[in-house]
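Here the structure is laid out as structure tokens; the discussion comes afterwards.
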């Protein structure tokens, strides 16, 4: 489990996190998500453009392709800050998952795609699931060989950012195994049905009807999607763990602020020991989770082939902590915690969606069990 | 991102590996965590085997019983990176710890921070060599959570204090050579003031102990009684009546203490695997769900101890976690 | 041990069964628990179907909307045993409740205990017939948990109070005909004193409501504003400035209120069965273990409501449980 | 789930419980168990004789056989009081389980056995389990037909009270099904190995080596043990639920007393809201459990064929509540809660043993699930 790299942020990571916090607090506080929700939008291209400008889209892109190549722990620091204010952006889909996938492939086309991600020229969505639960192997999609290429038919569901992404990354069974395709979302035969989730982000349903794909659309080798997809999924899970840990910390900060401000029985409710103990318990859980998510980033950076346990640990732990944070947030806010006027509901909804995406607590806890031999 | 690859560390690891190969007896490579196999040291220690004795002597000579303490006081002066490597290499060959003690975990750090140079040179090396076994006298029957409410008194008699009172939960007091204890030396001061951190030889006239039986049947715990025990004035750590600062320091820095023990939960076998070996039905939902949660939580706890040790080394206190 | 076998009860059950067969429309036998199907009654109630209206009328005529209330006030005067049979027979044919309301659950019991004979005759029958829909005005933005800290004031103007202030969490205030509210009528008295339990027509000048949006998007809750609302002096329940007694009575006796609703958790479908129907993998340990616990706990909660109702009927308060 | 009988104790049950409490507080407080433990004894015949004298052994025996025939709720009231002071007696084994089994059989021999139970002339132990977990069907015992009878060979483990009971009640596979045998513990070929459990009661290991059993030793019909055994197990589980609920209540009472008496920071620790909330939570759990155990008794009395759900609910709930009560008991007592000088350890140990006997939480929760259709 241990990595030689320290479980404290490096100076670069601290600077990155601080600048992200400063930027997001003014450019994308929770009220920004509220505004998008009220306007019925699940993507803000202007905000994403600013994030690109700050170099975030290239955090995992090699310097040769114009990226900063800061590693997964740094990407996690950004995701954590985004979680704190519930930023809705294609950061995870494009800058983490797609970028990690593309880095597994050493060809010019993948390099070019990485460059375009870093410069904000393209966004991606990951199309893996076909049912409500994360199950990347369970696919009924068909990739029928035809000539030098394939014809894709099937349906992908809960494709986060799938309603607006420029490109789609998705596996389909192709004979001996799964093949990973990297397609323009505008390819003939693809129908996109954007569906706002409860957290106001997009989880589109995609239909593929006899979609033509050539060898040039295959990322990595035919029948070997897993080589490319597995690291990308782990990267996404780890960053989502960070985002989830960040939203837990954000919800907790909001709650602790309320405990100091709200008065009942002639004093701030934070004076009541029962609430103090609950707050202390929540804080302890966020501390534990902070260790798990930082460790996952370190492992992805230092020993990616053995990072699965660390990643599942982080995702499982962050999911549980976020659930506690939003439940306690609503409870300790009393009635107003349940009102739309208050932001806690946004945290609760994001926590619920993040809990499911890329594998829920039970999925990752079972992964931990498997990797630990039971 | 690419840390820990310095040549010096690689060399340290290689040398350490050779040394361990040469000096760690085969019997000491069973990674025993059983209480019965722990070497506590002390005046009356009975080594369970020649191997246990040899292993302690070899480590003590290199300073490996207290690897991060300065060489001057019996340690090996390891950096945190070296220490990490030390624990990794020890774990690799499943080596037992050569010595464990409250002297290592608690008194040592307190002396390193608050002790005079003379005290460090006098008290630390015997701890490192396992010659003196210490116990801790904090809690009292009337002062558990409310530790600062303690009533054991030290009367100022010029060149010594006369200590009278009772401590409880003094682990292994009946086998310890010396005790470090919190004693009220100023009964006029507010309760957090007026407490001194005193060192006492357990063979001093007036000290007696009585084991406490736990519900499990056995117990490391004792009650310890002080009846007009004379304690020379130079056996105080820190300033008179400022013992609370020493106690607080130890509590606040317990994370590095815990980190230094190298006994991180989750580094051992998985709970679920152990249960399955015992014949438990790991397909049974309630048991499995509980085992999963414990496994996730204990691994995360281990990582947190590691992170706290890293933070301590980086000079960071436990603060609001990032991001928040 | 052989209880409930009296001939009278058997006869009651048989007659009830016949009556239900004859009067409960087929559409009302879907056991609907969906909020949209609840009949709340009131001046502006729009029946969702003729069957809903027929069912309410038929029940109201027999007193079955409030089966345990005395006949004189629109109830059926059922004993607790008869009431239990009533709910069993209703459940047997999966009948919807004919009427639900805060008048039935809360104001009714308060009036039955504290109301004058005139008040009972005036207010209870319209509740039983579903003609007047009530809402409850307790909480205020500044007085949530600290309910007794409420600030809505009633100024004594001789033959009436002039009420000014704000309530929050008034469920369905925007659809209610009348409100029962706690109002401070004596600002000099200690905070638990000086509160009166007042009844107000929601059409009175000065009353307005604003819905509260919840995080689910919809909400039964409103804010309710009182701007110099004139409330005649006979619209008080209990004594002036003793409204806290009425509120406390309702809280203390809520167990019988809850029992009386007959909506016991766990009497419906099992959680696990519902989850399985939704395609959940009930073999997955974490989900299964949680579902098992919820099922055990919710069934036990249902039994506890039943026990509390039995205790209330037997004149026992909630006491230290036997055995203890 | 509902029974017409009220979920409040009847007058008779209240009187019975009150007199039991009065008697046990003086005759068998926890210090009595401590004395037995220190003396290495797991049975006190004198105490049992007094309990017989008070009519408890006959609480489920028909009046025709000299019993009081008060029903399972009444037996539960007694078991609850015994749990409160951790009485060690053969009440459950003999007066509840064996008596219920014998009542299922309408013959003179069974009637005579019931009479002897009521008058204290015989004690019984139930020998079902062969492994550490309750599994009445999983038996490797052999009942080999021979002449008009059988030869029994095998081993039974965790036979509560098996070390001192006069008779043994145990099932063995006999061809088409299980047959229930009712044997003198002195029968040739039976070896008893008494084993004190952590709660200082006896859970013997029994060896059967070619033990001769005739038709007269069969309780009920050959191959039909389940007809007799199932009701007996349910009765035992319900009464054990009561005992467990009683011990939870006893542990809680001890803890609440300590909260009022122990002072720290200049006041009783019960003044601290965090401990008040924990105590209130524990109290709520005991209230819920009280409903479940009383309901199980009522169902056994009024509708025994449909009592399985009620019984499993009671055993599952009581097990969980007792675990909470003893954990909180130890925690809220601080260090002394862990000492042998204090009685909380006895409650903890009994709770642990009672949790396993006749089916643990998971066993009964799965029974609830099965009976509720999932």
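Per-chain residue numbering starts at 1, and chain names A, B, C and D are given in the order in which the chains are listed.
The criterion applied here is as follows: a residue touches a chain if its C-beta (ideal position, glycine included) is under 8 Å from a C-beta of that chain, and two chains touch if they have at least 3 such contacts.
All figures in this text were calculated on a predicted structure; none of them were measured in a lab.
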item	value
A-B or B-D - the one linked by more C-beta pairs in contact	A-B
Chain of greatest Cα-centre distance to chain B	C
Geometric centre distance via CA averages, chain D-chain A, whole Å	53
Euclidean distance of C-alpha centroids - chain A vs chain C, Å	45
Centre-to-centre distance between chain B and chain A (centres being mean Cα positions), rounded to whole Å	41
Junction residues of chain B - those touching two or more other chains	285-286, 288, 292
For chain D, residues that touch 2 or more chains besides their own	362, 365-366
Residues on chain D engaged by chain A in the complex (per definition of touch)	272-274, 276-277
Chain B-facing residues of chain D, complex	132-133, 264-265, 269, 334-335, 338-341, 344-346, 348-349, 361-362, 365-366
Touching residues on chain C, where the partner in the complex is chain A	139, 143-146, 149, 168-169, 212-215, 217, 279, 281, 284-287
Residues on chain C engaged by chain D in the complex (per definition of touch)	1-5, 81, 84, 88, 266-267, 270-273, 275-276, 282, 288, 291-293, 295-297, 299-304, 306-307, 310-311, 313-314, 316, 318, 321-324
Interfacial residue positions of chain A with respect to chain B in the complex	1-2, 4-10, 14, 17, 21, 70-71, 73, 77, 80-81, 83-84, 245-246, 249-250, 252-253, 283, 286-292, 294-295, 301-302, 309, 313, 316-317, 320, 362, 365-366, 368-369, 372-374
